Each structure stands twice: as structure tokens, then as C-alpha cells.
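Sharing a structure here in C-alpha cells format.
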């Protein structure tokens, strides 16, 4: 079993109301020195068997079409040992 | 500037309808060999200045109260260089 | 994993069992041993413990609830097609249609995890309605929280509202009304009561029973996981104080998308005629569904637990039986229909598995890995649980509370004082605009919503051709019930009845959700008994049967119980929804009438609460004959088109009713204080059986003639204009900007945005 | 004239959209997401709802449904397609319309009667309105914030492809108050508010929404 993790974040120019709200809440709780907060999504994909380069390439394709919308989001993918 | 990343995932025993839906979509799109998908949240917190142990401990406290609900979620925190 | 089988249980009679931890009492455990003639297996123990919990067995409330069964099983418009004891009552509303509605509490889960607790509360009641054979067509939510400014309210309320909305919106069910009430007794014990209403053709009625030997038992919907294991017995039956966090079971998470598929799939199964019996899985999961189906049937049932599809393969049989995984249903299907059943499920992407069979054994037997882990007479689990005659006694503090009347509280007298009192009242948490909450609910979906918030009752169209429709309202006033629970329950009934009546509908049937403290406190038990007695007597008088309901006990923190809160839902019928009466004033020139008598009644009033933090004396007098008369007047007025608006008078009195009516469309009104009435009493008294109506000038003679013929008090109190102010002649005048700001800012500024 | 209304798992306003088509005088044909077949309809409505629970991103999973293949082809060929709310999201995910819809800026679901201005009255779905006509129809969404990069927004403005704009309040943080957009050809329209809930006096805030359905029926007759 291998695990592929895909992180999806809104592009910097897209408004992130959730991140902003968390930032505001941190301020109110007295956590200062926070410059910014962004909230994104994390997908943990467990594969049957090993993460061959072909399969990772497939997941990468899924990440760029299904898991993220390139109009508003960027993604990062990594294979966890 | 330092960045603290907090990943929040539903506890394994808790139903994850979103992960389930993504899994189903991957199957239908012909990505097979996926054993399970879990979807969680990722917070990127940028700090002014450095991530001192005290400040990280503070963020950790926020992670367990504000960013996650310990009744249903676990979180992992790491400081990125 | 070693499994406790019937065989082992027979051989090891002395083995000690955790019956107390599971919430059973010593004599209850003994009774189980008597029934079985041996010790129960751990699976059987799990089953009995959940099914005999307060939440499932109604063991403390049953003896009182019997009163409802003694009411006439007929409504003013037709027969009850199913009554108390079924998943939900079913009412014939004419034209071949039947309506089913029911409320249920999800209080403690919503405190632990507000979003999921509230969401799964909606999900659960929707499945109850679905299980009757009906298409769910609307939801309502009756909510109670601690003080608006309490920190925990800021945690619980937004989560609960988002959960109610998140689940209901995603199911595509319009939210057509509810309540939001704040009182300090609900801190740590919020109340989340959800109501669902559904419609079906008479012939579509389905019942929860497993009959016909050889029929298959099919479990369909979501897979079973470790959700809320023990939730029923622990969460719903014990206070947090005594159980502590360690016993808090994991929370159930809802999947409204799955439920939406389940609804469409189930309705298609009904339409295909392949369902012989059906039961939803709610609290107590498979334990409840299997034992209730078998118990209501005419034989027995055998289940192979290994066939239950699991989300977590490590679950033990007792855990599978107790799991409260959401979005599951169980059907009894004739063998010839199984294939078609499976096809329909596949179309909707709903997993379905045959897990057992109906037989003639008279026993419910459950097998796990080839061995029998349950072998019980199903009735003893589902229908013949313990029944308690809990001691009850009128609490000693009540005399003193009733003696502390509100009459000595200082009252506003000048016009300026009345003006500022009004502004303070309309801005108070219990009277301010609910838009912050209701804006999060879809009220339009399905395209049949004729009235929804901020109207007195929700109105839904059932039939496009005839215009047949229903009206629904849920109400309660815990302060009234605290002062006098018998009257309090009747006042809740009267208000819901009146809210339905002001739309022009004929009120026909009642459901309830009775939220109280611990039944082990004789004072609380007395409140409960009195409330049930009051509600039953009231229903008898109004000719509206109680068709079903729900009881939630143990709502208390330490020794402090919540205000006794009998939430009452009333269903009304409109022959043609085009005749419904809205609550907002719209047309300048129409004359404003106050229907009903106003007396000096401030016990338990919103005014005493807001201005003096006072609770004492007696609640307003109940007059059900007058309520009935008022309803008939409004019904006739709607039929004959005599009124253009009607709004009931309740919390906050005439002042509140007028403010809501004028702000609706932003017109204006000039009002005068009727002769002989003190201005303060006129504006703020909470006397019952009253409504404010707008009458078009040309209809005035006919309208007053009708009231006179019925000898019903009616007073001309004002006229609608387009000045954008509310003026009480000789007293004060308030512009709408100021009025709106006062009324609409409270929740947004307390809760954000 | 037949107008198809697609049902995805989790579609909610499909019945309402079909009703609106009928009220406007058309024939509604129900289309199933799993069939790659438009059944000969003249136009298609992708209705509101929570397709696939709106998990992941709204419309992201529905976009890959079998029905979308012939639909995308037909849309490129000029067939009128209206995406309402979730349908708008699906059209953006399918790249038939530019931009995307994100979580409301206030992070809550919102249901309200919304005033709009029709900015482009020459699309297949808005021709029965006047340019700059103001209408009130229900709005209900949790992820209705319209976003696109500045260049795209500028292009939409100069090409007159903003179909409707929010008035009074911007209910969800949409860039430039955009409530709906169209493709270059004007046959594909995405709209966040719900015209299908404003086709009968009795069950909506008025009948201002009827024009969308009347427009397409007229344009089909004219074509």
C-alpha cells in the first residue's frame, strides 16, 4: 500500500474567505504575528500496491482535472513512503 | 517569515462523505487501484518573523481548538523552512 | 476476536456482564435473564440495553403518553391512516392525498458537535417520514440556546444552523419555519428539534413490519461503521455530568448526498411495488430495525450479520448491532421482487444486501461467522420493554414562583417610555428578526412553498390542479410551562394552532416533541405529566388528535433542568393555497383590526423577561373555545377574501405583531389605543386567542358582520398608510429606519455579519 | 419546442426547472446524467442542486457525467444551454464558460430574493428582457462567488458577456457583482440566481424569472 497526498490551494490572487476568517479568529484569540492564513484541501489517496511512476502520473492527471480546478487552484502532489 | 502548515483530517473511524464521493468519481473516470480517499483541510499560516517554540506551541493550541474539532478530527502540524 | 455466542452464554451463566455501564438497572438485567432463561450474550445485552434505554423505550413517559392514544383517532377533515406507534402519524387530507409529519429531538448530539448533531437530526426525521411511504416535502427546526451573548452560544448556534441548513438544503427540502429561543437554562443543553413533513397517495402507505415467511430482509444505503456506538443509551439517556467526557461516544457524521439518493431510490422502490415492509435505521441502528420489524410482523426473523457491509472491518457483532451509521434503511421484500429491488438500488448507486429472511420461528436470531449470537423473542426487545411509574410531585418552589406576580413590576407610562420599550423589545434576542438564521435555509426548492419565514406558518402546495395544501407551525414557550406546565402545553398548542389558523388553514392534527429534565426528579416528572395532560385535554377540546411525537428527557446540567419545553406542531389543511392569508401589511387604506380580548396579562411575558429579568406569576389564560372560534373566523375570511393580511399575537403582544406586519413590505401604519385600554397593556400584554388583521375597506361591513354574528371581539385599531412609520396616536411614532435597525441588527451583531 | 432538464445525482431544482419550461409554454424532457443522449431536445437546462453532494468542488464531479459529452458538443454547435446555480458551476468546470464559483465570502449559505440588472438582453436566454431591466428572483447558494482573473473579467465586460449583475447587495462576494455570464456566441448562459423559482406568483417573489424560459422558446421558434 502506498499513499499519495495531493494538496490543493487557491491561487494567491483568488479571495480565500475561509483563510481570512481563520486569520480574524486567530487575531481575536490573541495570537498575533500571523501575517496570513490560507485554507486549502488535502487528499490522502491510498493505492492498492505500489506507487509506480505510471500510476503516479495517472493520479497527477486526476489532480489537475478532477481534484483541482486550474482556473482558481494550484496543486502539489507527493508520494509518501 | 516562517510558515506553519496544519493538516486536519477526519479521524479514521469517522465517515468521510467527501472522500467517498471523490473515490467514486475516480473509479468512474477509470483511475483504478485506489483503495481509499480521505479529504481533509490544509491551513498555511504565515508568521511575521521566526517560528519560535512558544509561537509554534500557540499555533498548536489554536490547531486543537479552532482549526480542528477534536471530537471528529485529528491534526498534524509542521513548521516549513 | 472471541465472540460471545448463545452456546457460550448457556455454558457460562456466572460470567459478569457490564449491564450497568450500558445503562441497564439491576432489575432490568434480571428481567432479561428471565426472558431468555440464561444470561444474554454480549450482542443480546447490547440490543436490550439500547432498546430499553429511555430514548427508545419511552419507559418513563409511556404511562403518561397513553392519554394521547385515548383521543379520537379522527381529524376534522378525515381519518388517521396511521397513528401513534408508527414511525409517524398519517392523516387523510382529501383528494386521495395523505400527509405525514413528525418532530424529533437531537439535543445532546448537537451540543457535542453542533453541525453534525443538527445535520443528522434532520437526516433522521426525514428517514422516518420516508419510511411511511411518503415523499418528504419540507422541514422545520425548533431551536433553543443559552443566552445570545454566552460564549458557548457563539459555538453552538452557528454550527447548529449551518448543520440544519447544510443537510436540509442538500436534500432539497424547503425549510418552512421553526423557532429560535434563548434562555439561560439551555446553556449546556441546547434543544434541536427537527420536523419533517411528507406527502403520499393513500395507497402508498407503508408500515414497518416483517411478515411473510421466506421474504428477504434487505439492508440498503450507507455502509455500517463505528458511528455513535452506544449513542442511544449513553448520549440520550444520561446527563453529561454523570457520564463525563470519557463516555461520550464518537459522533455520527451525516452524508446528505447519500440520503438524497436514498430518498429517490426508496420512492422508486415504492412505485415499483417491491417493498413489503420498511423501516428506517435511526437510534439503535440494526438492533432497532430488526427487532421492531420482527416484533410488528407475524413470525420471526433470521439475520446473517456477516452480510452487513462494513466501513470498518474490525467491528464486533455487538458493535454492528449498535452502530448508528446514518443513511441506512431496511426493507422486507418478496423473493420474486429482489432482483428488481437490486436493479433500482444500482441505478441510484445505492448499495443493497440481503442480510436475512423472515421465518415462522417467532424468534429473532442473528448469526455471526456461523454461530448464533442472538436468539430472542423480538417483542421483548422492541415493544415489551420496562415501563416505569416514576414518582411525581408538584415541586415545592412552584407556589412561591406563582405568587411572585408581575403586577408589581414598574411599567412604562409616557409615550416616550412606551416608544423606547418597544424598541428595546423588538431588538431583544427572542423577538428580533430571525433572518440571520432563516437566510441560511433554502425555502424555495421543490417549487411548492407558498408561505415560509417570516410568516406565522409554513404553507406548502400539495396538488397543482386543485391547489390543495397544508400549513404547519411549531411552537413552545418554556417560561409559561415553568409557571404552569398544564397551561404551558396548552399555550404551545394554542399558539401553533393559531399560527396555522391565521394563514386561513383549518388546523387538523398535532405532533409534539417534549423536552424535559431528568425523569428521576419527581418535580420534573410532574411537569412532564402535567404537560401531557394539558396537551391531551387541549387536543380533545380542539378536535385535533396527537398523531405522534417524541420525548427527550435528561435535559439538564447537574441539578438544573431546562425550562419544561413541550414543543407542539400543528398541521392545517387549505383547500386552495391561492386563498392563503399572508402576514404582512401591503395595501395602504386597509383597516387594521385586533381580534380577541386583551387583558392585563404579563406573567411569563417577554416584557417581564426583557425589561425586568422577571419570571413569576401565572401565564396568560388559555381559552381554547376562543382559539377555535378565531380559527373559524379566519378560515371563513380567507375563503371569502375578506382580509388581506393576518398575523397572530403572541410573544411581545400587539406591538410585536404590528412591527412584523408593517416591516414586511415597508408600508406604514397609524394605530390608536382602543377606548378603555391602558396603552401599555394594549401594546405588550400576551393575552391569547388574538390576531391582527388587515381588512380592505369595501369588506369591512361583511367582516365585522361575521365577527358580530359569532360574537367574537373585534376592535378597529388602525389603518395602513404609506408613511414609512409606525405611529401610535397620542403616544409615539417611529420611522422604519430606526425600527428596522432595532429589529434586524441583533443577531448579525452578536453572531457576525 | 423541447427543452431538456438534466438530473444528476443530487440535482434538486430539476423538477422546478421542468415546471418553469412548461409554464413558459415549452415541453420539458427529463434527461438522465448517466445517458450520453440528449434525446433530440432543442435546448438544455442544467438545474440547481448539490450534484454529488457538492463534495470536492461544486459541479466538479458532475462535469464528467456521460451526458456532458454530447452536451458539450451541442453547446459548441450553438444549442442553447442554461446552467442555473449548480448548473452554472458545472458549465464553468466544463470550460464552456470562463471563471469559477467559490465559497461565498461570508462563508454561509444564503437564500434571499435578489434584485438583478439584465446587462445583456441578446443571449438565447435573455432576449425577452430589456437591457438594464431590473428583476427580482431568488438566490440560494453556498458557493456562488464568481471569480476569474482580471484579464478575463475585462474581456467579459468589453464583450458584453456579463448577463446579469447583482443590485443592492453583493450576496456572495462575486467579482464585479457578476450574477451571470455567457459564452461568445450567446447560446450558453450561466446564472447563479434561480429564475425557475420565480415563475408563479404563488410560490416565488414574482414572475420575473419566466423571461429566461420564454426567451429561449422564442429564439428557437425564430431560428
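Residue numbering begins at 1 within each chain, and the chains themselves are lettered A, B, C and D in the order written.
Operating definition for what follows: a contact is a pair of C-beta atoms (placed from the backbone, for glycine too) under 8 Å apart; a residue touches a chain by one contact, two chains touch by 3 or more.
Remember, predicted model here, so these are calculated numbers, not experimental data.
Is the number of contacting C-beta pairs greater for B-C or for B-D?
Most C-beta pairs in contact, of the two: B-C.
So how far apart, in whole Å, are subunit A and subunit B when each is placed at the average of its C-alpha atoms?
9
At what distance in angstrom does the C-alpha mean of subunit C lie from that of subunit B?
Computed from C-alpha means, the inter-chain centre distance equals 36 Å.
Take the average of all CA coordinates in subunit A, do the same for subunit C, and state the distance between these two points in whole angstrom.
Subunit A and subunit C have C-alpha centres separated by 41 Å.
Once you find the CA centre of subunit B and the CA centre of subunit D, what distance in Å lies between them?
34
Can you list the residues of subunit A that touch 2 or more other chains?
Within subunit A, residues 66-67 contact more than one other chain.
Give the residues of subunit D that touch two or more other chains, as numbers and ranges in rising order.
Residues 52-53, 55-56, 60-61, 64, 106 of subunit D touch two or more partner chains.
Among all residues of subunit C, which ones touch two or more of the remaining chains?
Within subunit C, the residues that touch at least two other chains are 255, 257-258, 349.
Which pairs of chains touch each other?
A-B, A-D, B-C, B-D, C-D
Which stretch or stretches of subunit D touch subunit B in the complex?
Going by the criterion above, the answer is residues 52-53, 55-56, 60-61, 64.
Can you tell me which positions in subunit A touch subunit B when the two form their complex?
1, 7-9, 19, 22, 25-26, 29, 31, 33-49, 55, 58-59, 62, 66-67
Quick check: in the complex, which residue numbers of subunit D touch subunit C?
Per the stated touch rule, the residues are 9-10, 12-13, 15-16, 19, 48-50, 52-55, 106, 108-112, 138, 140, 142, 194, 196-197, 200, 202-204.
Quick check: in the complex, which residue numbers of subunit A touch subunit D?
Touch list, subunit A to subunit D: 10, 13-15, 17-18, 21, 66-67, 69, 71-72.
Provide the residue numbers of subunit B that touch subunit D in the complex, in ascending order.
It comes out as residues 17-18, 21-22, 24-25, 28-29, 39.
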